Amino acid sequence: MSSSRLPVCVVGATGLAGQQFLAALADHPTFQVTRLCATERSAGKRYSDAIRDPSGAIKWYASEPLSPELGGLEVESGSSFDPSGLAVVFTAVESDAAREIEPRLARTVPVVSTASAFRYDDDVPIFIPGVNMAHAALIDVQRRRRGWKGFVTPVPNCTTTGLAMSLAPLCATFGVRRVVMTSMQAASGAGRSPGVIGLDIIDNVIPFIAKEEEKVERETQKILGRLAGETIESASFAVSATCTRVSVLEGHTEAVYVSLARVATVEEVKTSFREWGADFLALGLPSAPARLLVVHEDPFRPQPRLDRDAERGMATSIGRVRVDGALENGMKYVLVSHNTKMGAAKGAILIAEYLAKKGYIG
Amino acid sequence: MSSSRLPVCVVGATGLAGQQFLAALADHPTFQVTRLCATERSAGKRYSDAIRDPSGAIKWYASEPLSPELGGLEVESGSSFDPSGLAVVFTAVESDAAREIEPRLARTVPVVSTASAFRYDDDVPIFIPGVNMAHAALIDVQRRRRGWKGFVTPVPNCTTTGLAMSLAPLCATFGVRRVVMTSMQAASGAGRSPGVIGLDIIDNVIPFIAKEEEKVERETQKILGRLAGETIESASFAVSATCTRVSVLEGHTEAVYVSLARVATVEEVKTSFREWGADFLALGLPSAPARLLVVHEDPFRPQPRLDRDAERGMATSIGRVRVDGALENGMKYVLVSHNTKMGAAKGAILIAEYLAKKGYIG
Amino acid sequence: MSSSRLPVCVVGATGLAGQQFLAALADHPTFQVTRLCATERSAGKRYSDAIRDPSGAIKWYASEPLSPELGGLEVESGSSFDPSGLAVVFTAVESDAAREIEPRLARTVPVVSTASAFRYDDDVPIFIPGVNMAHAALIDVQRRRRGWKGFVTPVPNCTTTGLAMSLAPLCATFGVRRVVMTSMQAASGAGRSPGVIGLDIIDNVIPFIAKEEEKVERETQKILGRLAGETIESASFAVSATCTRVSVLEGHTEAVYVSLARVATVEEVKTSFREWGADFLALGLPSAPARLLVVHEDPFRPQPRLDRDAERGMATSIGRVRVDGALENGMKYVLVSHNTKMGAAKGAILIAEYLAKKGYIG
Amino acid sequence: MSSSRLPVCVVGATGLAGQQFLAALADHPTFQVTRLCATERSAGKRYSDAIRDPSGAIKWYASEPLSPELGGLEVESGSSFDPSGLAVVFTAVESDAAREIEPRLARTVPVVSTASAFRYDDDVPIFIPGVNMAHAALIDVQRRRRGWKGFVTPVPNCTTTGLAMSLAPLCATFGVRRVVMTSMQAASGAGRSPGVIGLDIIDNVIPFIAKEEEKVERETQKILGRLAGETIESASFAVSATCTRVSVLEGHTEAVYVSLARVATVEEVKTSFREWGADFLALGLPSAPARLLVVHEDPFRPQPRLDRDAERGMATSIGRVRVDGALENGMKYVLVSHNTKMGAAKGAILIAEYLAKKGYIG
């Protein structure tokens, strides 16, 4: 059976995002993890040893247990890694490392990345499933310009994902003029080494996450922009974000305020959410949810603990849709999006499934 | 010594806000708590017995210990209470109870209230220290119209307090057109019976607090409005709020976005915050802070755990002042305000100190 | 299909334990919830309305969603309820209410209860699955003495469950002389109304839970006692407990110290845990786990967040088995047990499955 | 004024324990911090820059703000540091670093250390204020044997402190035979780099802290041992500990079970706690509390959030004193001790004050 699956590698496999890739790929019908990379320090170790901390604790953060097969794989060094023979490489490394590693890999194979290194390049699309698949045409541009056999397609920052997913139907149906967003982000968004320490987050809110707001503002505009020739014309609406960290394990909560281009009722807005994504969902990709957006009527929802796992972490849950009195044609709502599932590894895998379906991978 | 202090009563003394009144009045130079009221159920008990739960635990939530004098006072029933001889009554009861009790008391004595019952009446000012003391002229209108010897002056909802304190200098210096605000509120804002239960708030955010957003929007406009003859003309700018609850004990955090009436620099905005309140502070009232607004340059501040107790809980801490790209002449910032100190009991006491200084009390 | 299932009722259906019963019985192969009881206040309402709080929030605490069928059932009043035609009644009410309701029901039908009211009666067994099924013989004694067609069998306090499950193999294999146990209990153990409030448990440990230690000590001795004629002779070993509450949602953690009757090695103790319960598990009851006790070698396990759901909440996870130097033949370990699953509703359901298999129910 | 204070240095000044030293010494009447050491990486930086993390956040964890004087001191490298001219050096470094640095410093000056490196050496006393000051005679032995002008005196592990403080009066008054202790330790005990991460401790208990139990068992026996000639004869009673980590910021909670050498009543035990330490307290040292042990009657106390700051963090609070039924002459109780105050920096400073009074320092 497994011989028919496409061989893939996870680079940055020991980090939190890397672990989420392994958890999500454990029983994947299309992809099979055959190789793992991490830093020099982990190279040569069995994976389950590479994730021990100095006291001997296994630091595995996915809710699914680590499979013995993956735990037994030998970790290779990301810096000297030869990707030949792989169908796709998933990277989950810091931006600086990505800037070095990803172009080298992309010469040979497709790279689907959670890093920000190439997100803002003209010939690089930032994919969110069901939102901007038309941007896939940029992949050919990228290959031609850079002379690569593979390519790099990053997913966005995890805080962008829920926001852009909710804005997509509003852009398509009503037009969007301005967006104000305050996030209350989960601790897992900061990774595990060191991540957010208990002393900082218990009984507290951290009002700042370095570089996060700039990413959210810029990525949202690019993702919701229009492919124009060989580049993407960013959406013209302004986005203003305040990104904070709260005492939550998983699931980013965002309070969103939107100025629409035309008058709309709360009911019309909810309908646009509910109907979004039919074409993408019709593809029947293995990791796709049944609904991209879940709309709640109970004003106490969505809550990160109750709603982060909606559709196995692949749906954005939206509630409290109501008129906003401060903005022109204002509408406001609260959303919850799973930052380490749709917002990171599982979202990247779903993109790879799409690209495989469309012939870019495999 | 104590004979020279003004005798006061706390109504609703067993609740969380009532306890904050007792803690704040324990060594007060001007006011002395001589009587306590609560519901029928507590009447006749010693105060320290009235706050026990069924298992025998003393449910006292102020950080200062309960003084033996106050613990030994006998609790009276709020419904049959005769306020004769008191200089002022502080009420900390639910809105429905306030609607019944406060007018009865106000016939005889001044009432400074944390309840919302009368906040929206035409002849009732909602005071925040240093923000709208000019509204005190309404007290005479209220007395005349209602034929009361006393009066009722509520403080605002605890979430309004920090927001309006930060907007006041912006209104005065630049003018304000629109306000968008997302709050991340502490558990103590919900009181103690039952308050927010651990099962709801651990590893979670609650995206809704019933009636809170309406209060914040309406009260902010009234507080920052202009006294016009015998009423207050609400400020004309629109306010849009999303109020959420997070896993924090004390201290509300608010992300604020303001469209100013004219262009301003970040430096000018910070200066307006820093210079605010000089006249009020010059009065030297016992509970007044040295600064009403504290401005932080470190982008990781303010944090509720680190900044709620700034100036003994009587200052609003503001940080992350920066340009907002989504609103016209947009400016955004994060604030932390102590919800049970300046935002409730201690704020009400400071108002009473002001009114005593101006001859309305005592 | 459903016509072949046995009709059952849950009394106290709106509380936290009651909700766990409904969640666990939603797709049960043997039992079907056909009726629901709660207090007078809820009687006549649809179940989903009966669990709303004053602000309109649906207070449903099981991780599984409430099924529409159960949400639509009309709640009946527990005090006037006629159980005729039911195969078994599950009760999840406070002890005082149980003392009144349960004997009335037991005259007609079997009652499996989470309340403590009858736990200490001579003719009442306190069942833990796989631990003391031999005590079932007491049911006949109880029926005869009390002249009931039904009977009452309580499950123990949720903190007793994990302790007694871990002690059972030690008693059987080595003998037990003394037991010292410190618990770190989850907030859900206190229920939802009011339960443990956030203000008490965030950044804190509560060192006392009223009556809990007495229950644990007494119940453990009875459960591990020997059926002697028409009563149970309590086990002769002493038990000393300190029960505390920590900031955890679900899953009780217990640090246990045992003085064995004879020398044993760590390996022998682990083996006794691993091999425990084979006979009971061989019955293949629907809610039974594959293992009653799960033994960990990683010293950082068990943790309540990672291990409470082992075997769908029906296994007790044990780790850190090591020699104790303070007690004679001392052995110590840490366990985690799911307090609202095996420790309450799902444990009671598994008992009912056993009693149905043995002909006491149905 | 400051010229009359004794010049001291803090080694390991950037860590959590080092910060607590700086906070506690900020206005000290006897000692003045004139020099600071940390690792090579921090050397040459101003202290306030040395504690920034990569994102620019100042990582300062004491509740008192960092004084400008200390913030402006230049950090020196601990490995090449010349202590000449200092009255005492306080070290707050890991054990491996201490093993290298402390002997070098002790050749010249007294070293009071929070590290475990030398705790178990025959000629090294482990001091707890008011518990074992008679062990000071070992300092002369140590100097003579090692040929040092200075000496090394470590304080114990922070979990040992509260336990040994509570056992001291029991040993003195009744004799102690066996001790069983389960700790629920605060996140701050793990330091700040990386410390306990939020992902591990939110909604969780960690059942293991590497090496902690061995330290507690061994140190308690040594501290409560008897000086016999040139060494300490460890106390003969057995100690068995289980050390866990809970979601608490500061303050270790411990459930203690003691087998006394003779029968005692609860009242006698409480009296022994209350009367403990009179001689030591009579010295009137600047950092000494008014009471070393605070006894609570309310069964819901002590709680870490409410009681950790008793006597400015320098008292151990004890509650729930009651008979234990499992041990011979058994008595049990719960204590809370401030792990970063009496349990670390402030405890070490109080020891230095004692040694200065007795002529060993200055």
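The letters A, B, C and D name the chains in turn, as written, and every chain counts its residues from 1.
By our rule, a contact is a pair of C-beta atoms (placed from the backbone, for glycine too) under 8 Å apart; a residue touches a chain by one contact, two chains touch by 3 or more.
Note that the structure is predicted; figures quoted are calculated from it, not measured.
Asker: Are the interface residues of chain A and chain C largely the same numbers on each copy, more than half shared, or largely different?
Answerer: Counting shared over all numbers used gives more than one half: same.
Asker: Report back the single chain whose CA centre is most distant from the CA centre of chain B.
Answerer: With centres defined by C-alpha atoms, farthest from chain B sits C.
Asker: How far is the middle of chain B from the middle of chain C, if each middle is the mean of its Cα atoms, in Å?
Answerer: About 46 Å separates the centre of chain B from that of chain C.
Asker: Any idea how many Å lie between the Cα centroids of chain B and chain D?
Answerer: About 41 Å, centre to centre.
Asker: Which residues belonging to chain B are in contact with no fewer than two other chains?
Answerer: 56-57, 202-203, 208, 247-249, 299-300
Asker: Once bound in the complex, which stretches of chain B touch chain D?
Answerer: 56-58, 202-203, 298-300
Asker: Going by the contact rule at the top, pick out the chain B residues touching chain C in the complex.
Answerer: Going through chain B, the ones touching chain C are 16, 55-57, 61, 187-188, 192-203, 208, 210, 247-249.
Asker: Considering only the defined contacts, which chain B positions touch chain A in the complex?
Answerer: Counting only chain B, the residues touching chain A are 178-180, 182, 184, 203-208, 217, 238-240, 242, 244, 246-249, 253, 255, 257, 299-306, 319-320, 324-327, 330, 332, 334.
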